[in-house]
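As structure tokens, here come the structures.
Same chain, two partners: subunit A is paired with subunit B first, then with subunit C.
Our next item is the complex of A and B:
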């Protein structure tokens, strides 16, 4: 039983948290792809930027002496999301809109997004250097320990307060997005445009407004995912680069352009990564005395250093098996 | 070459002279060797993207493979490895790998003995898992043994130029596998797939301590030409020895670059190049004319990757150190993309021009911004606002920003590059 709880603590808790972050990031990628038809590579750096905005706000809040029962990172999240949404709008106006007006191909926009990546990363490094920062330098992470009322169980179910809040925030964000896409006029317009942009335009849908709303949602969600990632691990200027691959894998696995697919893909990749690096030998430990031979001590599917390969292997398998993703995705 | 290109190259030459005048001959010779090696890599990308329209965001992986190849071939032999059990254990792991591969291939051909549908899928999955377990059961102890007894495999002690060739060969092999998996994918999928593969190559080479020494780094990797220390032993002064040695290296690099440039330029105008451009511009039309689009794209992907592998090997030999931890997507993938986009995709002169220009911009943006920051800082302290903290580390981060600004400006105002591809059409010629 102790081993099962260990499994729960390491795999389920961190898998859920990682999956939430991937899902929130992948929704942004997939929405931008659905509306604007290009792979937005700068999304990872928009996440890092969001993390840094939240970090600055949190520092300002604690300097002003504002204390809340939740970590300051979550307190400032709505404000940071608003700021990030405006920055995302600005990025579109400054970098992508002129190219779109010229009728540039999606590939050109993709290369432009690399330029945006470099600019954002350059600015972050210019102002923050290349060291790492933590939200929890002044406050501590509150740890929840839930004992299990079964005889002989000594381990407790452990998770931290930020982890719990992250899952809650993700659920709220996903529900809000679901209601927006299915109930509101604008959300329906967005789905219509993702299906067929020309048809949407001749039906009288204000496509410019839809594009703006897409950037607002994507920017805000990127900020949210970046802040959550920074709260879970630490904040570094090159945070995004390691995560842009799993996020794109999640978006592609779910089917580019499919918001629900991105959520499923995010959790799939998140759990696959944590399951792959989990040492399964621990679960066999209780049976140590029952078998006559010695059990191996290390039974992880891949060593921890190769965690990144898991997302990629899943991506390749899905692309070979179902090239448009699990939920049928859009194509250029 | 048009007049515009000539003027640009003359301008570039003057820029190099100016940099050489301020930075000294030793630094400039270093810059020249590296920028010409990058020109070779940019030509490789120009083939893939400019000729063939293939999106390769995994350049870093091919550079790393080339670097590993030259390290492995040219580094002196590690006697303690060859006299230990290590080679035997590695051979067993290789056998296990081969057996696993055979098993998977067998399972994939299961339909021949009547296993179909879901059963075949299950069989393939089981075969993959068994192969993986068998391979891991052999390689893990071998790795542990080698790392404990011999440290690492060591090199073969052969000539570095052989290593460059091996770098090209190894890159070709990897490009073949990558191409077979990914080339059927759409552009944006291909981009993310190649990024993924280069990240996997990086993870592997960084963590396979038994093969590459990982983060411990390997040095000194030998040169094909006399190194400065050899020249100093012959009585040449230290300052001159660096310049002469680097010029010797530069000569080899320029010969290789010129040879490949000539071949690539000839290929562009020939039937092969025309076919490639036809596939790039409209692959459906090309396929309907009877061209085997997938095979041709694989071909051009491999050719471009070979050039990247050779370029990566040349860079590692020149730097004399192989450090898998030093490879970054920004420095080794996006930098080269910026070179090709700014120079002019599809035009070899453009690619070389872009490589030289962007590399020199990349290298001098650090001292230039340091100078700028210092003067701003002097100004602000005069006004009583205090100096800019940590100027040195901030200035070195400026290059990323400069690179981003350069590509953004290029896409806005010169989307086809500074020396764009000249597209000749029958109709235009008639008028």
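Our next item is the complex of A and C:
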């Protein structure tokens, strides 16, 4: 039983947290792909940038002596998301919109986004150096320990307050996005444009407005994912650049252009990664006296350092089974 | 003053012009049909009106207002609607969402227009929560027309509404076009089924090589032996 709780703590809790981060990041990637038809490579760095914005705001808040029952990182999140949304709009206006105006191909936009990646990373290093920062240098992560009322069980179910809040915030963001896409005029126009951009234009839909809304949502969600990642681990300039590949994998697995697919893909890859690096030998420990041979001590599917490969294995398997992703996304 | 007046329009997709001086004028009470051989510039004419390609010279006026090279998001609120030939529904969205997208430019309550469209195309009412991509070709065409009517246009432009439909549906769609016209919407359409379409057209335009070859009422064009011989596949018979 203790071993199962250990499994719950290491796999389910961290899988949910990682899945949430991947899902929120992948939604942005998939929305941008759906509307603008290019792979926004700089999305990871927009996440990192969002994390740094939240970090600066959190520092300012604590300097002003503002204390809340939640970690300051969450308190400043809405403000950071608004700022990040504006920066995303600015990035589009400065880099991508001029290219689109000249009828640039998706590949050109992809290369431009690699340039944006370098710019953002360079700027962050310029101002913050290459070290890492923590949101929890002055405050502590509150730890919840839930005892299991079963005899002989000594372990407790453990998760931190930030982890709990991350899941709550993710649920809120996903619900809000769902309502926006299915109920609001602009949200429906966004789906229409992702479905058939030419027809959306012919219908008189203001496609420029839809593009702006897409950047606002993608920028805000990137900030949210980046801040969550920084709250879960620590903040450094290449924080989210390192997970941009699993995030793209999540978006592709779910079906490019499909917001719900990105959520499913994010959790699928998040759980797959934590399951793959989990040491399954721990679950076999209770049975060690029952078998005549020595049990192996390390039974992880892949070593932790190779976590990234999991996303690609999942990607290959899903694409063999469904070439356009679980939710039948765009194939181009 | 005609509802739409196209004068000596020359234009194309950047290379050699496809339209070499097209002239079309129709009233709101009209059903105008553009016929002609492949590559004559029929669909291109509709796209030029709708701002989807560049007009190099000539003029397009809608209800007396110059609209040459205006973009759709400005044209739709003025009362123009366009149903493209292909990919003319949002396949991943429900029938009702498709219709709502047609009303995107409207800020007022469009529920009466929605009822009117369902009245016009009864099969859509029962399928309104179904995805448009799951419908048959004929029903998709109804969704496409319904979507275009949601903006309450004064002129509805249709690019080959009968393309790819079985003969039974072709008649049904033509019937519906006439019905829409009787409800007070001007029609300008491109059609391959030339003889069938000219039969109910109040104005017909025969284009060839991006220019008007013959212009007249539908009946006149069908009766004209030259038109019949060169463009309608044989002498006027039946």
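Everything that follows uses one rule, which is that the second predicted complex is superposed on the first by the 332 of 332 C-alpha atoms of A that agree within 3 Å, B and C clash if a C-alpha of one lies under 4 Å from a C-alpha of the other, contacts with A are read in each partner's own complex, and residues count from 1 in each chain.
Just so it is clear, a contact is a pair of C-beta atoms (placed from the backbone, for glycine too) under 8 Å apart; a residue touches a chain by one contact, two chains touch by 3 or more.
Only a predicted model underlies this, so the values are computations on that prediction, with no experimental measurement involved.
A.B. asks: I'd like to know which partner A:205 touches here: subunit B for first, subunit C for second, both or neither.
C.D. replies: Only subunit C is touched by A:205; subunit B is not.
A.B. asks: Between subunit B (first) and subunit C (second), which, if any, makes contact with A:154: first, second, both or neither?
C.D. replies: It touches nothing on subunit B or subunit C.
A.B. asks: With both complexes overlaid on chain A, does A:189 touch subunit B (first), subunit C (second), both or neither?
C.D. replies: In the superposed model, A:189 contacts subunit C only, not subunit B.
A.B. asks: Could you figure out whether subunit B or subunit C reaches more residues of subunit A?
C.D. replies: The partner making contact with more of subunit A's residues is B.
A.B. asks: Using the touch rule from the top, collect the residues of subunit A that touch subunit C in their complex.
C.D. replies: 185, 188-189, 191-192, 195-196, 198-207
A.B. asks: Flag every residue of subunit C that touches subunit A in the complex, lowest number first.
C.D. replies: So the residues of subunit C in touch with subunit A come to 50, 52, 71-73, 75-77, 82, 84, 87-93, 97, 100-102, 104-105, 147-148, 151.
A.B. asks: What does subunit A use to touch subunit B in their complex?
C.D. replies: Checking each residue of subunit A against subunit B gives 33, 38-39, 41, 95, 98-99, 102, 104, 106-108, 110-112, 114-123, 125-126, 129-130, 241, 244-245, 248-249, 252, 256, 303, 305-306, 308-309, 311-312, 315-316, 319-320, 323, 331-332.
A.B. asks: Sort out for me which residues of subunit B touch subunit A in the complex.
C.D. replies: Within the complex, subunit B touches subunit A at residues 55, 181-182, 184-189, 191-193, 195-197, 199-200, 203-204, 206-207, 329-330, 334, 337, 341, 390, 393-394, 397-405, 407-408, 411-412, 415.
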